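Chains: A, B and C, in written order; residue numbering restarts at 1 for each.
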Amino acid sequence: MSEPFAGPAGGDAVAAIRLDHVVAGYYADQPVLQDLCLDCAPGRVTALLGPNGAGKSTALKVMAGLLRASAGRVLLFGRDVTRLTAHELARAGVAFLPQGRSLFPELTVEDNLELGGWVLDRGRRRLAVQAMYDRYPDLRASRRVPAGRLSGGQQRLLEISRALVADPKVVVVDEPSVGLSPILAERSYQELRRLKQEGRTVVLVDQNVRPAVALADYICSLRGGRVERAGTPGELATDLSGLVREWLGVEQAGTAPPGPPGDAGPAMPAGAPDGRPAR
Amino acid sequence: MTVTLQVVVTGILLGLIYTLIGAGLTIVLGVLRIVNLAQGILVIIGSFVAFDLFTQWGIDPVLAVLIIIPVFFAAGALAERVLIRVPARESPDRAMLVLFGLLIVAEAAATLAWTSDSRSIAVGYANQSLTVGGVVIPTDYLVMAGVAVVLLGLTEFLLYRTLLGKALRAVGQDRQSAEILGIDSAAMATLVFGLGTALAGAAGAALGVLFPFSTQLDTQWLAYSFIVVLIGGLGGIRSSLVGGLALGLGQSVFSQLLPLDIVPVVVYGMLAAALVIRGGGLGQARMRRI
Amino acid sequence: MRMPAPGIAGIGRAGEGMRLLRLARERGARPPVGWGAFAAGVVALGLFGATTTQLGTLRIWTIVLMYVVLTEAWTVLGGYGGYLNFGMAMFFGIGAYTTAIVSGHAGIPPLAALPAAGAVAAILGVGIGIPSLRLRGAYFAIVTFVLTLAIEQLVSVLGVTNGALGLYLKPPALGLRAGDQLFFFIFLGGAVAVTLGVRQIGRSRFGSSLVAIREDEDAAEILGVPTTRVKTAAFAFAACVAGMTGCVYAAQLYYIEPVSTFDFSLSLNVVVAAIVGGSQIWVGPLLGALVTQLLSQEFLSSTHGVEGNLMLGALLVIFARFVPGGIVGFARRRRRTPGDETAGTAVVPDRVEGVGEDAASSAKAG
């Protein structure tokens, strides 16, 4: 049994997202999240870190509505959204950037952006899409190109901008840097920093511990479907390298429950085991 | 030379109608990844409904289409919502079994309702024809091909020019990503299924004018729809057109060459071969999306 | 032709499936029908067959037992392996025709052609299976369906099969009652043999391989399962049993012709029986065949025909939609206690929307 953790905003402010004793999993008899309690403070970046199988991606899916908690509650700015489906949560202002590709490959850049504004009325949608073109001029140039034909970096940009068309209050990001070259990963994190500057709440999971820690206002380290340690990067600084070493070492056959569909599998953090920068 | 032109023109007109038959299957398969096994019997029931509307109320099949489309849409949407949505979430195989059961039920019910006798919709213009440049064009073929073109055009417009259509295609390309943008993919599934059903019914009305039909022929039309999908691939209306025209032209040519009772064997054999050759390519990631 | 590589999760699922199967074996998961009931049933039927004078009932039970044989054999590929085979009628017909032709030309009694019927059906099963099993799901089902139609058409026009006129066989040289009893006991013995055999398969590595294929075929391949061989063997097994059943059918009726011999209703009966009973454990097909056949005998004149199809179709819709796992699955859910891992296959909760092409499914048909 773990206690809810107060984010940097303090225990009284309403959390943007609160997972309250959440139990969830992909198979009925094998929950991945076991009594998970965590708060994501509004306007702050919360990073979920931990070894593989700890339930980080699963927690994000619960927040996005792609997985329903079998026990516990999910609260969005105080509102109980446990039973909401993914599309209802999107309407409520939660955007999700999944791991890997999430574009519609046969639809054009413009189509993708327009669908990003699906929850808006036509007028606002048009303005919002134009705003995205203003924000990312590269996209305007390729507006009629099928999304599947864009380069990796452009695709990433499109994914992010599509998620922003509806002006979400909360952005949940699963592995923003995995599979990307260091330059593109850096660009990804630039965009996330911009989201934070715009006052949005960001919740992210990343195998690359270093950039996640650099960006985060608050860190929750998960293990076995529960929060093990939590705190600001400052508070955890001394323990971080030890934790990372542990996470790398924990991967034993049979201890981790079956992963979710599409799980990238075990991956190495970008830095060396003790947290020093890569190269 | 005129004979060749004749065969080609007939083949094209036929092909347009076959495209309409295959379109419903293509859309459902492309967006929902489900093979609508009931496609054939839906076409036949469409023919029967058009037949009844014609013989009892004198409604021309072209107008009957206007009645059939909303009715079949509603029926298809209802069936999806009640019977298909839940099993499809678990696995396409379970949904297929439900569809197969529905096909059997529908065929049996249709046979009980209409008997297994063969019918045909004998419209006034059934035996007329136009002659253009030495080519004889049967009027009924022309009219029904026209119906097909209109319906296919409308469907194409819906899918490619409206945001709703793009949302439908998005659901087919990446369902989860569509959900997280706020698209209710389950509702879209219901819509697509209704659309596919409506197109099948409309195709039946057109076919009923051109060919005799009976409740035993549903397998044939399922096979034809399937061939359209297999030849054309899954690129939406445009690729259905390729498949339909190929089938129409092929049949037009073959019927000059082959004795009639070999044709079913050839068709089924071709279908089986086409399935196997297309092989693992169908239903897998590398299939083009609508 | 390479499929997209499964994620670690796919391998996990396939491995999970095999693990669950092994666990079920080890913990001796009890099916709803225990051994006592099974043995008692066999003995009761045996006594009934030996003593009864009600030939009508005898014939009804003969048909019931025939469907037990067919459905059990079907379930190896269909239930364990998850490949829905709609082609049982095709091999049934092939066996019947092989019997007629062989016994006619060799001058032997039809039943003596049983091995030939089985062999020919098995060989064709392999020949048809290898290309067809490259397809999955609905496409495989459709191919088996279409081939049945094609072969029926073919047999109608070939000379060696005497086309649409059909073939005659030597009738059994027994009295009416003795003849009926003979076939009854043949099917009773067959039903026992096939049921036990399928149960054994379920506990073998062959069975585990099939389950792994059902859960995630690509992952199973990576795990080293020889998927093509396993699937083809399962398909050929069903074909062989269907062929032998066709032989007995031909021997009993001593006249066959294409339309009724290749009647798709047979395939339909088998599949519905499997879905109704639950296709993933040996008890299911047994129960399913009993239920469907007895139901239709009770309410209809036969399961072949329009009303029969209506009932079968309705049963299929109802069970595929509302009763996953059939009767067996239903009974298990009633008995399941929390944490009972062996009860039933893994079910993905309703909400997981990961229906991209990567996400394989669990709890497949039946």
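As a convention for this text, a residue touches a chain if its C-beta (ideal position, glycine included) is under 8 Å from a C-beta of that chain, and two chains touch if they have at least 3 such contacts.
All figures in this text were calculated on a predicted structure; none of them were measured in a lab.
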item	value
Maximum centroid distance from subunit B, chain identifier (CA atoms)	A
Pair of chains joined by the greatest number of C-beta pairs in contact	B-C
Whole-Å gap between the CA centroids of subunit A and subunit C	47
Mean-CA-position distance for subunit B and subunit A (Å)	43
Length of the line joining the C-alpha centres of subunit B and subunit C, rounded to whole Å	32
Residues of subunit A touching at least two other chains	65-66, 85-86
Multi-partner residues of subunit B (each touching 2 or more other chains)	174, 176, 179, 185
Junction residues of subunit C - those touching two or more other chains	347-348, 350, 353-354, 356, 358, 362
Subunit B - residues contacting subunit A, complex	163, 166-167, 169-170, 173-174, 176-185, 288-290
Complex interface listing, subunit B residues touching subunit C	33-35, 37, 83, 86-87, 89-94, 96-98, 100-109, 111-112, 174-176, 179, 185, 219, 223, 226, 261-262, 264-265, 268-269, 271-272, 275-276, 279-285
Residue numbers on subunit C that touch subunit B, as the complex places them	1, 3-4, 82, 84, 131-132, 134-139, 141-143, 146-147, 149-150, 153-154, 157, 268, 271-272, 275, 306-307, 309-310, 312-318, 320-321, 324, 347-348, 350, 353-358, 361-366
Subunit A residues within the subunit B interface of the complex	64-66, 85-87, 90-91, 95-96, 98, 101-107, 111, 114-116, 118-119, 162-163, 166
